[in-house]
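In the two complexes that follow, chain A is the common piece, with chain B as its partner first and chain C second.
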Partner chain A sequence: MATVQTKLFQESTEELISGSEAVGIACALADVDVITAYPIRPYDTVMQYVARLKADGAFDCDFIVAESEHSQFEIVKHASAVGARTFSGSSGVGWFYAFEALTVTAGLRMPVVAMVGNRALDDPGAFGVEHNDALAVRDLGWMLYWVATAQEALDTALLAWRVAEDPRILLPFALSCDGSFLTHSQAIVQVPSQDQVKRFLPDYHRGTLQLHPDNPITIAPQVNEDWLMEIRRQTDDAMRRTSDVIIEAYEEFKEEFGRGDPSPFIEEYMCEDAEIILVGMGTLAMPTRVAVRRMREAGKKVGFLRVKFFRPFATEELQKALGGAKAVAVIDRDYSYGSPSYGGVLFHELRSTLYPLDERPLMLNFIAGLGGREVMVRDVNEIVETTQKAIDTGKIDQVTSWVAVRE
Partner chain B sequence: MATLAVEVVYRGIFQRTLARNIVRNIVFAARKDGKIGTAFGRYGDSPERNGIPAKQFAIVADTPSELEESLAVYEATNVDVTINVDDTMCKGIESWAWYGLQPINELTKSGGTLIVTSRQDADALLEDIHQKDSPYDLAIIPSTVSFSGLWVYKDDHTDMRALGALCKVCPEMVSLGAMLESIKEQTGSDTKVASVQRAHDRTTGRPVEPGEGNTETPFSFDLPGWKTMEEGLVIRGVAAGTGFRGGEEGYTPGRNEVFKKWSTRSMRPVINFDTCIKCTLCWLQCPDTCFDVTPDGLYDANMEACCGCGVCEAVCPVPDCVTMVGEGEFNGNDSQWDAWTADKDGYNKWMTVLVEKQKDETRTHGFHHIGQYSEEITAAEEV
Partner chain C sequence: MATVQDLPQVRGVKNIPMEELYSSGHRTCQGCESALVMRLMIKAAGPRTIVLGSTGCMYVANTTYYSTPWVVPWMHTQLGSSGSAATGTAAGLASMMRKGKMQQEPINVIAFCGDGGGMDMGLSAISGALQHDEYNLLILCYDNESYANTDIQASGGTPWGANTTFSPPGKETRIMNTRWKKNMAPMLAVGHPNVRYVATACGSYGLDFNNKIRRALTIGGPTFIHSIDPCPKGWDYDPKYSHELGMLSIETGIWVQYEIIDGELTLNGPSRAIAKGIRKRKPVEDYLMRQGRFAHFTPEDIKYFQNRVDESWEKWWLPGVIPISSAQGE
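Showing the complex of A and B:
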């Protein structure tokens, strides 16, 4: 590694790294001040890599291995209050053990950036990816993003600090990376130089909200019933402001680093003129894009839309992208027991998004890849077949279907 | 060309760094040929366990969209080249990520190549390697097995030799020129470059015809469905043991019928029943309850249950009663006690030969004492 290390961060390089390592490198590039860690697979690959970068002298930070996930997130929350750039992360039930700390982080408007290595919730103990862990913070004021490649993990981490720490926002940002497929697979990643990153990512200044002896303030008070609505409305307004700030930052990102999609919120793949649009998050994109490409070659009008930002949810953009389709098939790598139509979380959000349209596409939900089961091209073909049947008959026999589950 | 894939089958802990070096260097070198690639370990494996078979993959394609199909999977459906870095796994592997015994060449595609590091010849290896319906080539890198520990890596160039052999059998995946250039760049070592070149020049494949090889059917089982599985995450206990093989005397413990784990083993205990003092220590200490108690009070290591950890050898108070012998010497899992009972002289002769041979065997379970690394390197250099 010695030959590589000397160049790393001085100039832009090409590295063979996993999604977790990409996030670790982003921490170094962003010169994060305080990083807290507590091991749980698959997130732990990040803490191992950060620890190694620090040990190698590649960058300096306060690296604190806490005694639990709860403390892990409490520490970065407090560090963020005094003006430190922070990073933390977890997976599955570890993320849940931190839950109280997660909600107060958003409540106090601390721009903590966290990586969630998506993992199925216990029990049974399982390492494979499921999105229910990260999704649990969807109502708390966290920005929530699903990554599909190691390159996107690095890029989006940089974007995350930029947006979260923007004085107009000050909200935490969770970067979701599918366990195994992202956290443990190595791919070629373009690593920018520190100078480039410095141009894109300004220092974090909390201004008058900074906890400091020269700025005597108290934070986190107890309030009575006549205070909370206004405080909630403030956080709501901050979240409403994120869209514009994200667009602004993303445009600058593309200019500085020379890569990126048309939209920061969604990725459309062969969606133009598509009669059936499949929707999913994270690494589901890989088999789905392959299947779509093949079906297009066979003349079938199918497209795939990847939801990148789950919070903020790009309502208008999604209405525009999906409104013209005959049918929308949502693939959920998560599930909500007892929910409307016994469906997945993403499905409910999208059905709600498309409800105001005058002409609504047929909407079907497919539960696939839970606990890290591979979603295969043949599964996607089956999903499209079922959806086509609904279009042909004009009715939906079954709203939610489980894909590739053993009877 | 579309996409080309290599799997490296290795043993947990002992060979993890070795496997990682191989797959990473394939992707680096393919980059020199203008290709794009990915490297990953099979996620369901648990390579932090001593000796457990595990896999890493390198997949190389001309374009990112071609590569895409191979992303977000745990295991390629078939591979152009299988690299097996421990010949004892030619018997098949039962890893955490696979239910039942997976033949070593399960993924090797028709016309592909299986590369094995071994001191055995092809005919001896094919006694273990399961037969396939399609033809493939078998290439041997003459070598003792390269085992390291958790924190140390035995840099004996096994990785370089595997890479050189790969460039020979599958130049369309990565060219020798690209590999040499990449290894020089990554390691800065001319001797490593020379090792790649030498392995490339020396490697030849031997065709294996359909149906050639071990004709046994590897054990397997079906996973239950959601309607057939018991609710509440309950796992029923294994039934208590019985008398020896169901008889009145002795004892055979209850064992999991579907999880045998013997492929974790790279060595197995050979018992000298004549010197056994029946002290019970091997039976008590075996972490896998692999010992059956025979009606005459001896301890017969059941080779379907033994993971080869060597605890029995370590705790046995009698010199030369239990000896761990390299797994490559055996082609079956038959009972040693049966063989001894049937023909004591024959068994003892067979045992003596094996035990003597073991004294020259360099196969170990990682590193046990300070200085072992340099001892083994010196020994390897002399070979």
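Showing the complex of A and C:
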């Protein structure tokens, strides 16, 4: 038996661990029943850690090494149908290999929690972070969250099961963690005790939706045009309910664990009175915060807003947070070929969000950090300079710019 | 706790359970042998069973919203997912029972797939499922020799030369499907030495079918049964001949009936009599020419088909089963 881990869960401790390890510990704390693994970098570090925890007897789960990502996600989908708490994950093209399973998981309302170790899509090969992999499920009924720290990874994983398995919701939850910058980087993490987690996270009960001989239901018959629209509408209703359930769970989380932001959906950094607000997701928060802090010290009114929940998208909160700025500069670690203004996905969502406002800020889009290229403080400075120029001249020369790219 | 249910072998067709667990509510074709296979399968398994059905005609024709024929819990799974559906269901049950989150009880888990979903797209997931000895599950491949749900397209289970919508005989090319049918059950048995039970079956032999399902569900671990299902629509014959064609496929030696229990092969039914020399194989022509899908065959095509079948009985190391012979002639 692994005395270290057992002790780890008996009382809250402080550990130096990576983002992947933090999610692995969350699996143990949540007493997950079925976990499926298949190797692809960088997400697979979480499964290596889970395998180690199981081998050491730190927690009991059925840990299944599948023969493909498609099976990985089909296995947890079916385990979820009989009432088991589940976890899986992938990265890049692995996530795409599972795509069919991902869409039916949401369609069937199975509260699978997955970690996406964000990775650039092949080809050509690149291990580094890009957000296009996880973003591809944005229209399917998955909740989507981008974390910035290992602590947030652990905390949000616990929140994920709580919200996903809530009988009012029953939708899957993808926890996006930037490859390498988060999956492989260690930080000090507060690990709660199992008792604390039990108080926050109730058991998963599917009730009358559970597939069991005592409840002989038929799941997912052919509905065709007779019923599909109504069923889509039910899934939409569930997604519309997520915001309130997330707020409710997050408030309880803060009370139980004594940490968290004012909002579960977004994080604002020096945004008050800011004329320029930079927006981004995931670990690019780190260099951006540094750049913003330095500019603030130099008297420049700049702020940074991090979008945490991409689904549900916090429309009204974002309108309020960004509506007062003169300009909004969206940094996308993704790209959408041939899209409006040849921009990134986050940019499109935000431009659509701010369009109904009477006074709209200028909106610029910056494509940065693709394939794991580091976003530097000087890149952020350049983004702010370009944005300031648009404010000064009152016009946008170029909506989308690629940052630090060799021409 | 018993890990498997008490499902004894049945002697005499009259002792097959009367209870219907695959009931009215489906809309399969007249003469559909796969529907019979579903009925026989769940009769043998009983009510404490979860059935997972991958996409195919036994999904689409069986379960139209508001009219399910399944009395037992049933769930759809994706075309290539019969293996992972069985694994996930069994794993979820096992984990929760072990951890005290669900009452302990042996629950049968059966996933079915057609030849397209099983022998083509789902092969990898079935192979994966057969490696997990810790889960009791059965994968049943109902093989009607084409993608019968989507308009009869050629699959890896379609016989050589058969007319399908993807292999229509034309003015220039008579034989469009040049692929020989995959030898599915032996492939799985040979490739997964830990699997305790692999069998072939045919709905024309109901008692045999019942007992094979029960053996698969009670032996422990993952198991596989491959059933040959005549399909009036895809094979193009009068629906009243389904049973007869099932029998003919075996009597001609094209389909072989057997069980592989803990690595030991036992031929049964007409296949056993053929192997022992008690019974002569009927010419394949008797079977092929009863079906419109082979109507374009020339005498040379029939001869080619006959030669391939003869070879499987005369030259294969295990006649009709394993397509390997010794280079030393041993």
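We adopt the following convention: the second predicted complex is superposed on the first by the 402 of 407 C-alpha atoms of A that agree within 3 Å, B and C clash if a C-alpha of one lies under 4 Å from a C-alpha of the other, contacts with A are read in each partner's own complex, and residues count from 1 in each chain.
Please note the rule applied: a contact is a pair of C-beta atoms (placed from the backbone, for glycine too) under 8 Å apart; a residue touches a chain by one contact, two chains touch by 3 or more.
In this text, all values refer to a predicted model and were calculated from it rather than measured experimentally.
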Partners on chain A (chain B, chain C) - clash or fit: fit
Partner chain(s) touched by A:Trp227 [first = chain B, second = chain C, both, neither]: second
Which superposed partner A:Ile75 touches (first chain B, second chain C, both, neither): second
Three-chain overlay, vertex chain A: chain B-chain C angle, C-alpha, nearest 10 degrees: 90
Which of chain B and chain C A:Asp33 touches, first, second, both or neither: second
In the superposition, chain B vs chain C on chain A residues touched: C
Touched partner set for A:Gly83, first chain B, second chain C, both or neither: second
Chain B versus chain C as contact partner of A:Val290, first or second or both or neither: first
Touching partner for A:Glu67 - first (chain B), second (chain C), both, neither: second
Partner chain in contact with A:Thr218 - chain B first, chain C second, else both or neither: second
Least Cα gap, in Å, left between chain B and chain C after the two complexes are fitted on chain A: 26
Residues of chain A that lie at the interface with chain B and also at the interface with chain C: none
For the chain A and chain C complex, residues of the former touching the latter: 31, 33-34, 60-62, 64, 66-68, 70-71, 74-84, 86, 100-101, 104, 203, 211-213, 215-224, 226-227
Of all residues in chain C, those that touch chain A in their complex: 47-50, 52, 59-60, 63-66, 68, 70-78, 80-81, 83-89, 91-96, 98-99, 101-102, 107, 124-125, 127-128, 131-132
List of chain B residues in touch with chain A within their complex: 24, 27-28, 31, 36-41, 43-44, 65, 68-69, 71-74, 185-186, 188, 223-228, 233
Residue numbers on chain A that touch chain B, as the complex places them: 3, 14, 16, 18, 123-124, 127-128, 178-181, 184-188, 283-287, 289-290, 293, 372, 374-375, 377, 405-407
